[in-house]
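Per-chain numbering from 1; labels A, B, C, D, E and F assigned in written order.
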Amino acid sequence: MKLITAVIKPHRLDEVKDALQAFGVHGLTVSEATGYGRQRGHTEVYRGAEYTVDLVPKVRVEILTEDDDAEQIIDVVVKAARTGKIGDGKVWSLPVETTVRVRTGERGPDAL
Amino acid sequence: MNLEEVQSSTNIAYVVICAAMVMLMTPGLAFFYGGMVRVKSALNMLMMSFVSLGIVSVLWVLYGFSLTFSETSTSPILGNLDFIGFQDITVDQGELLAFAVFQLMFAILTPALMSGALADRVKFTGWVLFVVLWVTVVYFPVAHWVWAVDQGWLFNQGVIDFAGGTAVHINAGAGGLAAALVVGKRIGFKKDPMRPHNLPMVLLGAGLLWFGWFGFNAGSALSPNGTAAMMALNTQLATGAAILGWLIYERLRHGAFTTLGAASGAIAGLVAITPSGANVNPMGAILIGVLAGAVCAWAVSLKYKLGFDDSLDVVGVHLVGGVLGTLLVGFLATEGAGLEQFGKQALGAASVMAYSFVVTYLIALLVERTIGFRASEDEEVAGLDLAYHAETGYDFSQTGSGSVPVSAVPGAAGAAVTGEKKVDA
Amino acid sequence: MNLEEVQSSTNIAYVVICAAMVMLMTPGLAFFYGGMVRVKSALNMLMMSFVSLGIVSVLWVLYGFSLTFSETSTSPILGNLDFIGFQDITVDQGELLAFAVFQLMFAILTPALMSGALADRVKFTGWVLFVVLWVTVVYFPVAHWVWAVDQGWLFNQGVIDFAGGTAVHINAGAGGLAAALVVGKRIGFKKDPMRPHNLPMVLLGAGLLWFGWFGFNAGSALSPNGTAAMMALNTQLATGAAILGWLIYERLRHGAFTTLGAASGAIAGLVAITPSGANVNPMGAILIGVLAGAVCAWAVSLKYKLGFDDSLDVVGVHLVGGVLGTLLVGFLATEGAGLEQFGKQALGAASVMAYSFVVTYLIALLVERTIGFRASEDEEVAGLDLAYHAETGYDFSQTGSGSVPVSAVPGAAGAAVTGEKKVDA
Amino acid sequence: MNLEEVQSSTNIAYVVICAAMVMLMTPGLAFFYGGMVRVKSALNMLMMSFVSLGIVSVLWVLYGFSLTFSETSTSPILGNLDFIGFQDITVDQGELLAFAVFQLMFAILTPALMSGALADRVKFTGWVLFVVLWVTVVYFPVAHWVWAVDQGWLFNQGVIDFAGGTAVHINAGAGGLAAALVVGKRIGFKKDPMRPHNLPMVLLGAGLLWFGWFGFNAGSALSPNGTAAMMALNTQLATGAAILGWLIYERLRHGAFTTLGAASGAIAGLVAITPSGANVNPMGAILIGVLAGAVCAWAVSLKYKLGFDDSLDVVGVHLVGGVLGTLLVGFLATEGAGLEQFGKQALGAASVMAYSFVVTYLIALLVERTIGFRASEDEEVAGLDLAYHAETGYDFSQTGSGSVPVSAVPGAAGAAVTGEKKVDA
Amino acid sequence: MKLITAVIKPHRLDEVKDALQAFGVHGLTVSEATGYGRQRGHTEVYRGAEYTVDLVPKVRVEILTEDDDAEQIIDVVVKAARTGKIGDGKVWSLPVETTVRVRTGERGPDAL
Amino acid sequence: MKLITAVIKPHRLDEVKDALQAFGVHGLTVSEATGYGRQRGHTEVYRGAEYTVDLVPKVRVEILTEDDDAEQIIDVVVKAARTGKIGDGKVWSLPVETTVRVRTGERGPDAL
């Protein structure tokens, strides 16, 4: 099993979700994040004090998947999340040792 | 001290306090609208109302009050310049001064109402220019038509518009539609969800609007009398009934009693009762309210059917509610109801609607062609708050600084100070 | 124009503006309560108050005002039907109209007060039916008892209740308790933490309530005179003193001066001073306030001790504060204080409490047995906002759409449109 | 009933309602300031204002009103003790009572204004003691100097201060600066970003302040007349113009029209118009407003240049705006403008500023040396809300309990009950 | 060392925390998330526009643990989080290479 | 490739960010979290009901890095985040199998 994590632009979430569904992935977990890299933030002004806010809003998407599908899912996500402008984000995958579905206790591929 | 002076003192007390209440409607509107947009442009929505408080106050003294209410004008179309700069008005004219500040609040609110049609996608400078032109070319004349006693042509036609069904709501509704057509749809209209970011704020706005509307409606009697009291009662009744009308429609049609529906219903009822004053009785007020609630609840879906992006339903609520209220007085007026009065009401509604729509369309085009009205795509996607106001609405983060490390940058007029915030030093 | 007319004009100005201020108390209450509940049912809490603005306004015209204040009734128990539909009331009766809209606001607020006892767990339709029945069977009669001049039996007994200690606060407090007992405890009561989701909103509500309460208390004089001015002063003093009373109790007992305590103390003081009017002097008002703050701070813990789930402390604040204020007038009244007056006050408090408790209990049972009062467990756990209002209070997410992908679904009455939001087209 | 009585009734109506409006300014101020601080101390900021509503109300009756406005005092410095406890004031003195409650609201607001200079870093008990001492030793005398008709020395000098440019704004501004110097800078001042946690709340505060300020300014006429009406108009004009002044300055200097700037500009304009009353004409009001907006927009940067941490710009807005407004009346007064009046104005401004600064400095030192004024470093870093109020401002979490498992602990005065919340049982 | 991640229903957090504590786990990290799988969201209505909100609120719990305890901890979490209805969530474990306690610089098991 | 995760005190985020930048790390992802361990929460009081809130606010920082830099980056983070008081947090590292830059599709070290 693999855990694929994608840190993407918030307004691409819908596309990524739709693309994954079309591919056949029927579950995922989403959370809010901020980040920076090449893309930097913006300036804010409060009563004459100017701040640079470095961190840009991002969304983190996590998908548990069987090993065989991992590469394809990465490709699906990368394609759907891409706008071509800096700050599009990163996708990475980690090896998972155990997976359990809480409701049933099923393990491994059955847990997905 | 004589009787007239004491009555005048009473009138001043009444109108000054009502003016303060109507002032509060513009911040109220700001919250009503501001809560309805997505978080990334919420401040911009608030600012569209607040800047109207600034702009129109100044224009009013310069020429607005004179163009609208100069006492010596003989034109049915526009006032003259006698009151320019309030040059000859002194503290001896207390009632006139009270009237001036009371009516100023209406002139502030009306353009602000249109901002709802333009949510999330217009340049702030474009909006400022638009407000300047609009109050000058649309609001001041139309208010003169309707309210300049024995002067304005609609007034002389016998159109009943106690507190602003035509001059305020139809005017803003038609103008909002025209401006929205020029500006175009929000990116993602009909496709993306654009749910309100703060519904309690919408209710706060509705509550403040409701409160202020007693000043708006009952205050329009200018002297506290039976008419004022009846108007206060009718205002409450129509508003309450409209909440019920909207909620029932919504429950039948969409299966839920929504908070946004209750707030919207209240505004629809307030709009619809505005023209009637004490010309309808309490049962009439309830009828107007319940109809306004249900009809406006239906009307807000028109934008999806017809495909114009009147983002926060200025048409569905203010134009439709205003027309409904203006026409219903024709039939429900306790005196003189009938086809003839209905005809007059229709004339008032139609002429204000047509004038406002056409002229606003041209103004919006002018703004777009000159300094630009529509925001750029990048600005709109990132949110107008950052683009024009360099601010973020909320920061509830644990770090107390938005989990956002902040460092100084070269500002508009300052040197870079790396690693810390740049200040005006 | 004669003196009486000018005085009448002054009265109308005063009462109409006070009515608007009292209107604002219901939204204020909505925020006061709404901020105190968990986020998942915050909108529902707000709606419980807002819908009262709708329902009671309509019932008031239909029969409520008549049952309470008909001028020709001879019954000590209830008014007659002379004012039904406001049929014969015209703009010539300005003071009566102003009184009608002023008193309407009290009738709206009182049932809304009870919603705090039922937070987070009742069906919205059940609440609507409950409000309809309650104002009809409990509020209108009780208000008649207390305030119908020379008619109501408590009025005739000489019970002092200037602005509503019995008719409003004891009435709502006892009713709230009865309804809470019928409805039962929230899931997780005494076990789960249920901390307020938005304390600034609670303070906003307290601030608006406080402001409106000047209209409520000082406005109850109906004519601006020394009594009105004394009542305004006393209102401020008792409220300020009650904040101190609550905070000091809390600091001694729990080690912190809480914001919720300051807000609650303010309300407790406002409740307790309500019955006295100008019948106590400023030092008396301070005494009433400081006692109300401390006693109510203690009384809110009764629900844990006795095990009833009066979620937002309608009993602890309104019932206890109302009883305290009603009884204290007996001793502190500047005229006629003593055991005799105390006896009258006790009679007023006890009879309203008993009547309200018993009848409300029956009404709540009736609602539960017919259309159902208590929400289902799933609805309660998921939150009432989604269950009844199909809405979410806030969306501060970066995506501006709640990080929530949204797609269209078959609506209550529409066809499915996959992949985009379904609209009324 | 005679004419005088009817006029008196009108005055009471007016002043009582204006008092309620001024009361609302303190909650308004709480939101204005509360939205500007980081979330971890937002409740504390709100409480600093709310507790003033409690403390000063009680002190006012005990001795404050007497020290300020006793009718029989012959001292130019301070009132006498004739009104102590309001012992001999009865409902027959309606206008006096109305005046007492109206002026009480000013005495509440003024110390609360200073809390902005002390944001996020003072002990709550220290603040309480500070408020008690400050109103007693600074506010009551200074208000007597300025407003005690034919008694106060500044009044007798002919200083124009219609509604509180000196007694309220310069007083609070200079006092705020002194206290901020004693208390020292926030940890991280000039280094950490400290952006407002809730800008819509700031605007809400500004809106409520603006509304209430009509009561504050126009109400200060005490009788509704031409002066009151002119003051109402001027209040609106200066405020609107100041919004524009601030926004334009900010746009030129920092490249954005900020929401915080619009809100701050409004307050700057309100402050600056306060002393003039109807002594300037509408064009003069606009001039005062636009100057106040631009000058205060510049002045808020002084704290970074000079290195004092006046956190929320009490100096930049209230002191600078108050001085500006007080001096400008010297030149712009419609009657008697000129160097002589300017000299009087400068005397008024300078003497209040000097007295307030020095005495406040000593009071703050006294508090610091006795019970302590500055919070501990740990408390400040963790946030004052937890440290002094044992609360968290918001909980928008999904769990409805803050994603925070909660279990009972030994409370201040109770036994531990592991695994569930501890209640007062 | 393992990192056990559980995505569970928000109102089960208390039970999970209590169960872990009873088992002897004395530290964990919690964050907010949303997700979907078999369990889908709800419908919202705003002025007649109906939205389906797919993502359901969840809470993510992370526990660093020694290898030997991992299996048992997974069981404890699964048991405490279970309601038996769909949407109960997933638990998975990842292999951890290094762990450090920031305060002391201790590594490995001592860092827990 | 490694994924370094740090759960730290919120007010140390600036220092950590600055230290990483000085070291040469030019991208990271940040999200909010709460946690407990030795450090426990605080008491809150609402109308006389006292709650112990166990979970303390933390910030989670994630850094993708090449294997060779991992140890040094951990040290940089640990040093910058340390206050010496309990609750300073944990840092751990996980092995990453694939990394992709969404914008370009670059993989591995080039994706950073």
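Points worth noting:
Here is the rule we go by: a residue touches a chain if its C-beta (ideal position, glycine included) is under 8 Å from a C-beta of that chain, and two chains touch if they have at least 3 such contacts.
Computed from a predicted structure; not experimentally measured.
Steps from subunit A to subunit D, minimised over paths through touching chains, total 1.
Contact count check for C-F and C-E (C-beta pairs in contact): higher for C-E. In the contact between subunit C and subunit D, the residue numbers used by both copies make up under half of all numbers at that interface. Per-chain CA centroids place subunit A at a distance of 18 Å from subunit F. Rounded to a whole number, the gap between the C-alpha centres of subunit B and subunit D is 31 angstrom. For this pair, subunit B with subunit E, the centres built from the Cα atoms lie 49 Å apart.
Shared interface positions of subunit D, defined as residues touching 2 or more other chains, are 3, 6, 10, 13, 17, 21, 192-193, 195-196, 198, 204, 208, 253-256, 258, 260, 300-301, 304, 390-392, 394, 396-397, 400, 402-406, 411, 421, 423-424. Looking at subunit F, one finds that residues 11, 14, 17, 30-32, 34, 44-46, 48-51, 53-55, 58, 94-95 touch two or more other chains. Contacts from subunit F toward subunit E in the complex involve residues 2, 6-8, 31-38, 54-55, 58, 60, 70-71, 74, 77-78, 81-95.
Across the complex, subunit C is touched by residues 1-3, 6, 9-10, 12-13, 15-17, 19-21, 23-24, 27-28, 30-31, 34, 42-43, 46-47, 50-51, 53-58, 60-61, 85-87, 89-95, 97-98, 100-101, 104-105, 124, 198, 201, 204, 208, 388-397, 400-402, 404, 406, 411-413, 420-421, 423-425 of subunit D. Every residue of subunit C that touches subunit E in the complex is listed here, in rising order: 192, 381-382, 386, 390-392, 402-409, 411, 414, 421-424.
Those residues of subunit F whose C-beta lies close enough to touch subunit D in the complex are 11, 14, 34, 41-46, 48-55. Considering their complex, residues 1, 3, 17, 26-32, 64, 94-103, 105, 111 of subunit E touch subunit F.
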